[in-house]
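Multiple structures follow.
Here come two complexes built around chain A, the first alongside chain B, the second alongside chain C.
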Partner chain A sequence: MSRRWITDLVLVGPAAIALILFIFLPVCIVFVLAFTDYQFGARTADFVGLENFSDLFGSRIGRKAITNTLIYAGIVIPTSVGLGLLVAVGLHSLSKTLPRISNALKAIYFLPVAATLVAMAVSWQMLMHPSLGLLNHWAVALGFSPVQWLSDRDTVIYSLAMIGVWQSVGYNMVLFLAGLSAIPETLYDASEVDGAESGWSRFWLVTWPMLGPTTLFVMIVTAATAFRVFETVATMTQGGPAFASDTIVYALYREGFVYFKAGYASAITVVFFLALLLLTVIQLVLVERRVHYR
Partner chain B sequence: MSGALSLENVTKRFGNTTAVDGISLELKEGEFVALLGASGCGKSTTLRLFAGLETATEGQVMLKGKDVTQASASARNIALMFQSYALYPHLTVQQNIAMPLKLRRLNALQRLPGAGMVSSRARAQDAEIKLAVAQMADMLRLEELLHRKPGQLSGGQQQRVALARALVRDPSAFLLDEPLSNLDTQLRAETREEIRALHKRTGYPFLLVTHDQSDALSMADRIAVMIAGKVVQTGSPTEIFNKPASQEIATFIGHHRMNILPAGAGQSLHSDGSKLALGVRPEELSLVQKGGLQATVESITFHGEETILKLRGPSDVILRSVVRGRANLPDIGENVRLGAAVESLHAFSDDGQRKEITQ
Partner chain C sequence: MKMSNMIVLGLVSVGAAMILLPFIWMLSISVKPHAEVFSTDITLLPKSPTLQNYWHAISQTDIPLYLMNGVIVTGGILALQLLVTVPAAYALAHRDFRGRNVMFASVVAALLVPFHVTAIPVFIGFAEFKLLNSYTALILPFVATAFGTFLLRQAFARIPKELIDAARIDGMSEMGIAWRIAFPLGLPTVIAFAIFSVTAHWNDLFWPLIATTDPDLATPPRGILYFRDEESGDDIGPLMAGATLIIAPLVIGFLLAQKRFTQGLANTGLKG
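This part shows the complex of A and B:
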């Protein structure tokens, strides 16, 4: 019995030390740096109070990065969760009648998740090329005028959002499929006997409420990835044209690793971290109580 | 046939396997029928065919003289209580019980929360549904629990909610799938009586599906015994118990498995035993001074009210005899003589069919 605590400590210790050294400590340092004008390589730094934060929220560029990220997340979260659910429900019922086709489709939908987004970005760049791209080719064939997918200031963020949705639908689908397979079949039988004749009413009576915990989890995961959008911006647009596709994490990268403004980059990190934390807490507090049935 | 609900020569196949093989079963108005069979014999599929959750491959399902073979479960309006109760975990007891009425009486728009504030029809319906739920809750002693979620209820309470949900909509028949299997012994006995009483009070035709022969014997007016996808015997509990139509049924029914003496072995018990297999229930096989059957006691098990003797009889047949009360018990290894009244003997031919014994 007296030896138990030694075993416990040995099991927990290494991971705990690594977490403290490589996560908690750096986070603390970032919080401190956020209030300084520290530059990478400099020997000293001055305390500048909230100046970094007022730069972020006060400047046109800072505000643009924030609104762009919000627009991006505002499109990607509901669309990819909705489509993921739709695809999962479809494939789940298809797997009872045509299991092979259903499995093949599952693999296809999951492909974007497994593929490297940076490599995929090259393909998307080709697809979205203004004169050679397949998308404009189709647009013209269908009688629309060609779209400047990545070089039009008013379009670029929506184009990136489209890629974001494409990338996360597969992941959400897999999570929803797991959730669907955990719903007891007898609940569907019961709803049928109770008079829920249409698939639609069975969906609202059984599927949707029973998927509550899954939906909450999918929302949080999707939100976290959507707010962190970086790869597509860095590889396809570099935030351009004229900061029209600048996002928070891309701005953070530019300020920190291109301009070496460690203090400002830290301030962006702090804001981003707090925003994500707040979002998660709100989701948990608001939704958690309504999705676990006790 | 003119029953409330009946299957006529119904067969159900899943791929190459035949789950239900040409069954005809009738449920008369106000009758309590038990469908009794071991697990995997197709009784659950039969129940689902009645309810409309499965569609028959062949044959017809008739409801009050109408062919409902292709009708959906909700169109048939047959209530079903699931073994797992299948309550909606996100709804309160009140909402669970109200759901069948809401789904039937209100359209999708009127089911939305707050519809009662806009539409007076929805409001009136809502009030009616509330009243029906309250009456049902009163009948099944659920008033206190109406605002709880199923997860907060005990097994017995959940079962009463499931009963209430099934009965609230005035069904054309009530099917119960293994209603007692999740309950402990004490609650089982109470629930048996409760379901009997419920049947008397409501007068709906009840169909009880069970693997437990004592549930079937104690609750039903009529029992249908099912073996390997077929109904092999239908009759009153006493008929099934006293005159089992085959050796298979005979050994399936009864708290203690019936002793079977193969043809030739039971000759000393009755002359018919030379050509036929003889069956005698352990309760009826007793130690008697002048009994015809010789056997050696192999083991003795004390069960409180009764003691079970395991014996080795002629041709090394294993026999069991139940001794009630404080009778004098033999020792292990002792040679004893066993006897049984002629009325308690059952005779079966080579193919397992019942033969009437010559008195």
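This part shows the complex of A and C:
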């Protein structure tokens, strides 16, 4: 009996210890730190109640990080899910007549998912360069005035959102393609018998309702990624100019690891974590309630 | 070909061109000579391409060091993850031990925790043990992978019980079954997880930015930022050559094994 116990311990022990040490214990600690004024390196800390949270939601800078993240997500989620769906439907319809071209295009769309985002952000920075960049060169050639993509406070978050869309369209496309290939061909035949002859009416009658669960899943996954936006901000703007592109995770990094305010950064972490958990709960509730087709 | 197909093809191709734009721009600048990069006549494609920038990036900068660090860190993470996860996933799938349900529930719960949430306490812990600024700091926190454990457990659970029992009757040790039966039979899932893990950590900036301040330990994304901040706008050609070298391994891997990559990165259906 005890030998058996030792075998189990050898098999599962290391993984269990790793999970406790690097996931569960840190989560507990971060929830405690969020209510203190702890600074990295300090030997002591005091409990300050909800002060860190009131700082985050009460200060101009804290609110800015939250609203920026919401604006960013508010653009990236619908745009990249919508475009991902369009591209997937397009490629799916091409896959029968032009399988090779369809596959090549699919690979192109997916490329940004595999490519190191920081390196690509460096390239985007050059595309958006005020004088040497291609985007402004084209804008001027077309008669527009040059855009300060990254240094204008009113533009910067939209520029970053554009890159966010660029990065996630291909990922969403792949998820939609999987959903599309699961729709049985017989449903399309049936809809044709019922008089849905154009591709358009077949889409609304069959494709769209059948993709319900996939769409919901894709939206939640995209939301979770959008809320975590960090690499492009850290590479291209560092939250600037004047906090116009500050986001939750970047604020967490800056307050915690540049200014060493561990207590405050922990509060930001807790808010970020609770927002993501809320998203998961919404997903579970909606999946339970709405999307049963089969 | 039908008219509607032509329209669809046209639209999807325009979109694809927009996706490719930053890649083309990066490649283009990386082969442009210095004077052409700073010329007022900006063109998408280079007029007199040269490999000079690549030679500069390889011989005059730390890009090769960053690439090597990337290999050490991602390789170290993957090796340790598998070492810890394969036996645990096997036990969760095929052994009946006390605490199994608790363990499995914990793995599922841990799936909900993104790494950003644990960064502050992990940083404090590493500072306490004087482990910051080391390969250990870059590798160790990722040994705990709920995603890997979950994925492998699901794969191992599909292995027929009779096969495991037969191995036990033959006198194989439990660790032996985990590595010599479960591991090879679950190999497609292991590969999908490996692609996910390597991509995630090769591309990660968040933790390397926090855990290290020593440029000699910089992973590729961290390194390219050191390079950019030092060159102060004058060596854009070599910078783009460096960026190209950094995305090259994964992009080439993806183009060679598209199915496996899409499986590892998307169709596993979860992101850690």
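Criterion: the second predicted complex is superposed on the first by the 271 of 294 C-alpha atoms of A that agree within 3 Å, B and C clash if a C-alpha of one lies under 4 Å from a C-alpha of the other, contacts with A are read in each partner's own complex, and residues count from 1 in each chain.
The rule is short, and it goes like this: a contact is a pair of C-beta atoms (placed from the backbone, for glycine too) under 8 Å apart; a residue touches a chain by one contact, two chains touch by 3 or more.
Just so it is clear, the model here is predicted, and its values are computed rather than measured.
**Student:** So in the superposed three-chain picture, is A:A196 touching just chain B, just chain C, both, or none of them (first/second/both/neither)?
**Tutor:** In the superposition, A:A196 contacts chain B only.
**Student:** Touch check for A:G90: first (chain B), second (chain C), both, or neither?
**Tutor:** second
**Student:** Quick check on the superposed pair: does A:A139 touch chain B, chain C, both, or neither? Answer first, second, both or neither.
**Tutor:** A:A139 sits against neither chain B nor chain C.
**Student:** Does chain A have more residues touched by chain B or by chain C?
**Tutor:** C
**Student:** Thinking of the overlay built on chain A, is A:T186 touched by chain B (first), by chain C (second), by both, or by neither?
**Tutor:** first
**Student:** After lining up the shared chain so the two structures overlap, which partner does A:L205 touch, if you call chain B first and chain C second: first, second, both or neither?
**Tutor:** first
**Student:** Where does A:I29 make contact in the superposed view: on chain B (first), on chain C (second), on both, or on neither?
**Tutor:** The second partner, chain C, only.
**Student:** Could you look at A:V249 and tell me whether it touches chain B, chain C, both or neither (first, second, both, neither)?
**Tutor:** The second partner, chain C, only.
**Student:** Would you sort A:I71 into first (chain B), second (chain C), both or neither based on which partner it touches?
**Tutor:** neither
**Student:** Can A:A275 be said to touch chain B (first), chain C (second), both, or neither?
**Tutor:** neither
**Student:** Touching chain B and also chain C: which chain A residues?
**Tutor:** None.
**Student:** Touching residues of chain A toward chain B in the complex: what are they?
**Tutor:** Against chain B, the touching part of chain A is residues 184, 186-187, 189-197, 200-201, 205-206, 209-210, 212, 293-294.
**Student:** Chain C touches which residues of chain A in the complex?
**Tutor:** So the residues of chain A touching chain C come out as 4-5, 7-8, 10-12, 14-16, 18-19, 21-27, 29-30, 33, 40-41, 83, 87, 90-91, 93-94, 97-98, 101, 103, 105, 107-120, 122-124, 126-127, 132-134, 137, 166, 169-171, 174-175, 178, 199, 217, 221, 224-225, 228, 230-231, 234-235, 249, 252-253, 256-257, 262, 265-266, 269, 272-273, 276-277, 280.
**Student:** Under the stated contact criterion, what part of chain B meets chain A in this complex?
**Tutor:** Listed in rising order, the residues are 48, 51-53, 72-75, 78-80, 82-84, 86-90, 99-100, 103-104, 108, 149-152, 165, 169.
**Student:** Touching residues of chain C toward chain A in the complex: what are they?
**Tutor:** 1-2, 4-5, 8-9, 11-13, 15-16, 18-23, 25-26, 29, 37-38, 42, 44, 83-85, 87-88, 90-92, 95, 97-98, 103, 106-107, 110, 112-114, 116-125, 127, 140-144, 146, 149, 174-175, 178, 199, 202-203, 205-206, 209-210, 220-221, 224-225, 228, 236, 239-240, 243-244, 246-247, 250-251, 253-255, 258, 261-262, 265-267, 269, 271
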